[in-house]
């Protein structure tokens, strides 16, 4: 693991997810760009001192020198955005598959460079777009893909948070780097959570976004990155959509919600109640689909990520664990047919989306192609 | 009453609303542009034959000749859109106040012409934007207006229906005229329900919409009017917003929903659960506000439109009744300070909104000022 | 109308309900046992002074002397409980059908006496158990009655209110008589709202309650009538159930909820969200049934009490209006096959239930047959 | 770990919970009473063959002979009920602390015997009543305990499942032993899930149940154990309550719900939406409390079991993990002040409850003291 030391938010999440996955074990880390903090973090996590490295460069170099049955099987990157690309490239060059937090990188250029290295080295890259790990999101995709519901016609997605609603909310290690362009890159609200919303739209509909018109802004005075924005977009099949990504929506926590309307049905899901998928077919009572290993009506992709009998709620950590489980399987050559982690090309598409949103916004919400 | 005869949807709604209001009585009508249908409708409603007229022209002319204590006190217009303006103008010229269904007219020109007549004659005009008649919408407005929540920063509103999702859904008297430009005017999805969403935004925030970028379309092949669209907009105080108005959202009935995020709180309301206003303040547990004559925590504007103790749900008809009650009071010179019916200028603003949305859409979602 | 004058809660509800019904008109009243208050109330309601009577005795006597086409067609009783029986008997003896608020009477003896008079005179008696007027309750009954769901096996019903949670809540005209045994009779929490819950169970399941074990108490010191209680019960088909009726459940308004589990499905309904019926079949996604004149999937009894298209919520007043509409039709010899109002025998069953609950409680929650 | 081999439901849950806890590691097991299955299960779990035992007797005997820094620190028992007591006693006699699934044992006698051994040996015993591991349940207890809400007056709890609704549902390893009195002991619906409901009532209210009147039955013909039942009960502070425990409630999964009404507020929680605690204070808007490390309004006991920021739902596995974490800490002498696991005396109280329910039911729902 690279990053995720003392005080980090997403590092511990990755570690718990890996523990739930059941097929992963933390064996080495470079937990901080601060060598002393990295050491302390490794110790706190019970790592052997010689596997707790002072930098990602040291990690990939020394791990590759270990015997095959001892060295790390893959590298997880949970640093601020600007480190994703260099760390991932170093890992790929050293022969390690890479599972990285989203967004893929800090800039589109960095993403393309990473993609080039991945293609050249043939290394596997996965991105942790957590929300596609929820069973009901996979069920939604399966329902749309089955074709019975007809073409997608409209999508409404929003990811609203309130944690940056005020200037004084900017304390904390996380806020600190997220609002700093040097470390966040394009990662304001659109980069940080808009990209989740984007990924969810493409995942559920099975279609690529082709163009968008976006308006981003820093609503809180003095902020350099966007903290609030919205977009209208088109999907390749002709559907239209709206997307809101904002971190100044006071009172909201992780308000990721999606509605997809097709010719024959509407599908509705909210991340904060992830175990309910509302499906409304023309002329029929509304239906609430729920996960459970006993739910014979679920399709395989949903069932494959369900651990418990119905009525025992799984949550965010289990969704995240599904990503780790599938990625570890893929590393071992046993990739499931529809893996839970986002692919490298999904990650690059996410960066194109962020860049396009910024470009559009800079030109008065002009339409920008995502090609 | 003008319009609202046999087979109509909104006519009976107006009549029940008036009955609930308790201060209105149906005394005369011109229920259809078809004289025989008008007569039959009047008879079915138990009107005296001489007060059931063959046309709106006949109605306003003959009613004005009746003694003051016998004649209709005001005229309600519930016809297809293209009749709103001529009927209203005829009524105003004859000295009758006018309560008309929304949108105010079929075109912006007609609206301006009606406004001119109203100003010249001094006649009162009200518009039935039903949703502002709900207690919790009035409470939302009161909470925003009180100032404690700070400035509005983002709004998300949508009004999604599925009743025109398929070409074959176009049966029925209502669908027939609604999708006919000759009778609907600008009244596609944006005109029919987008204008409700627009009105709700302005009502709850207490701010005017200043500009928008919209994309409308006829998603169902062969349709002449928009049945699906979305917009991004600005409010005068600097807030940004998104608006969806669509009648092809399969499975949705009257999915009018609004979220308003201010500096200190988020407010959330859904028309299909109108008795719950979700209020989320920074750092506090989410609150659900509900109506009831025993709810001492409600502000006066909400209390004024509440009939029942808490826990006995009021609905759409009661919201509509509030409009009739207040309009009748206003006609009698006892207008409440914050009347429930939309004003003429609200109605004109609604027409400007529809026109602007069409203009923007025609120009590739260019920004259009609403001034 | 007898009772329901100044300051009353349920009187205005009955009057609005009658207005919505569309086939009723208030023509006469004896609105209070206080003659002056009765007069003032009649005046406020715009009644002709000669039709505003000083007592129910005067009302029935003088109305019967009016020509048939002028006199009241039926009498609605909305007084405190102890007046139900004498007023109803007087009306029946004078030839007027009677629609009375629940519970039928103040004591079981009075109910049996009223029943005797009704049988002798052949007069129609209806009881306003409002909640069976909701479309989704009628749909629930239809679903159970259709047989496809198999036998009922368990029922959970509760009606919890908080308005009498504290001694100091006892202000107000309503609380005053409701907690006074002389006027309420058996009408504590079990009489006032437990009887609604009882009626709902019998209505939805289509089965009679055969025995119960109940424990009632006055939780607030100094109160003479029960304000809190619960029961276990059996239905004639072998199902078991629990019933809670309490007016000290702080924070609850009209928390009437019912769950009915049959061999093949569960049905769940809450009065405060009356337009959602949750139906969960074995091995299928949960379904939410909702009303609407366009809901082709609804059965006739639900459709018959639905006024609006789906998504425009109807509420308590409309449910109440359905009772008036059906009762007025029945008075005119056009009773629907499954009328909305509760019958005399339902009303008597309700009194037996209340009496049995009191008897059981007095004997340490011993089982009591409801015969 | 004793029990929990191939095909078991709760064994894997315990193992994932321990992995999330972060302070536990599976080092040894006797996973089945069938030696070959035990061996296979151990192998599948990656245990060293010498730590995978053929019986619990072998496990406790051989583990105690290992050096202190190698041997298991405590024993988790996840067998059918009838093995809990003998396995726990063997473990305690060998000096191992015991964490056992619920109910504590198969019979009250066995529970008392276990208690005697625990007292004699001084060994720690914990019971996994999972639901008290949810943050919002701990918050509910904290709110009641704080005293501001006044005395508890009424409680309604139910745990309804539908998985045994039909005779043909009895397939599967779990159903097999659960409906077999020889292995389940008192563990029908009341033993299996009623005891969870009981524990939840005592935990949230902080009061002991003093007496109950219960009616249990086997609703599905041919079944030997209760699959459906209900009870009325009293708490030591004078509150009254109802409890339903049923496994024939078609359509329900794990429908554990509790409402606690106090003098000043109502508290409502549902296991299937565990991250929402509804708190309704007298005269105030309803509140929804939710977990999150950023929720400064939460009390310490809730915060102590919260891992994620608000809006990222935790679920059943995390609740279970909290039990493991606290038990492991307690074993190491660092027991938190309010540990998440149920204590031995809670477990014994649960067995008294089950026994009392059976006794009451056998005597026609007579009141039975729980002393």
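When the chains are written out, they are named A, B, C and D in that same order, and each has its own residue count from 1.
As a working rule, contacts are C-beta pairs under 8 Å (C-beta built on N, C-alpha and C of every residue); 3 or more make two chains touch, one makes a residue touch a chain.
Just so we're on the same page, UniProt names per chain: A, B, C, D = Oxidoreductase.
This is a predicted model, so every value here is computed, not measured.
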Specify the chain most distant from subunit C by Cα centroid. A
Give the chain pair, either A-B or A-D, that is connected by more C-beta contacts. A-B
Averaging over Cα atoms per chain, report the distance between subunit A and subunit D in Å. 35
Would you kindly tell me how far, in whole Å, the mean C-alpha position of subunit B lies from that of subunit A? 42
Among the residues of subunit A, pick out those that touch two or more other chains and give their numbers. 252, 286, 290
Under the stated contact criterion, what part of subunit C meets subunit D in this complex? 153-154, 156, 158, 160, 162, 165-166, 213, 215, 217, 219, 228-232, 240-242, 244, 246, 248-252, 259, 261-266, 280-282, 286, 364-365, 367
Contact residues on subunit B for subunit C in the complex? 9, 12-13, 16, 19-20, 22, 161, 163, 252-255, 271-275, 290, 292, 294, 307-318
Write out the stretch or stretches of subunit B touching subunit D in their complex. 279, 283-290, 296-297
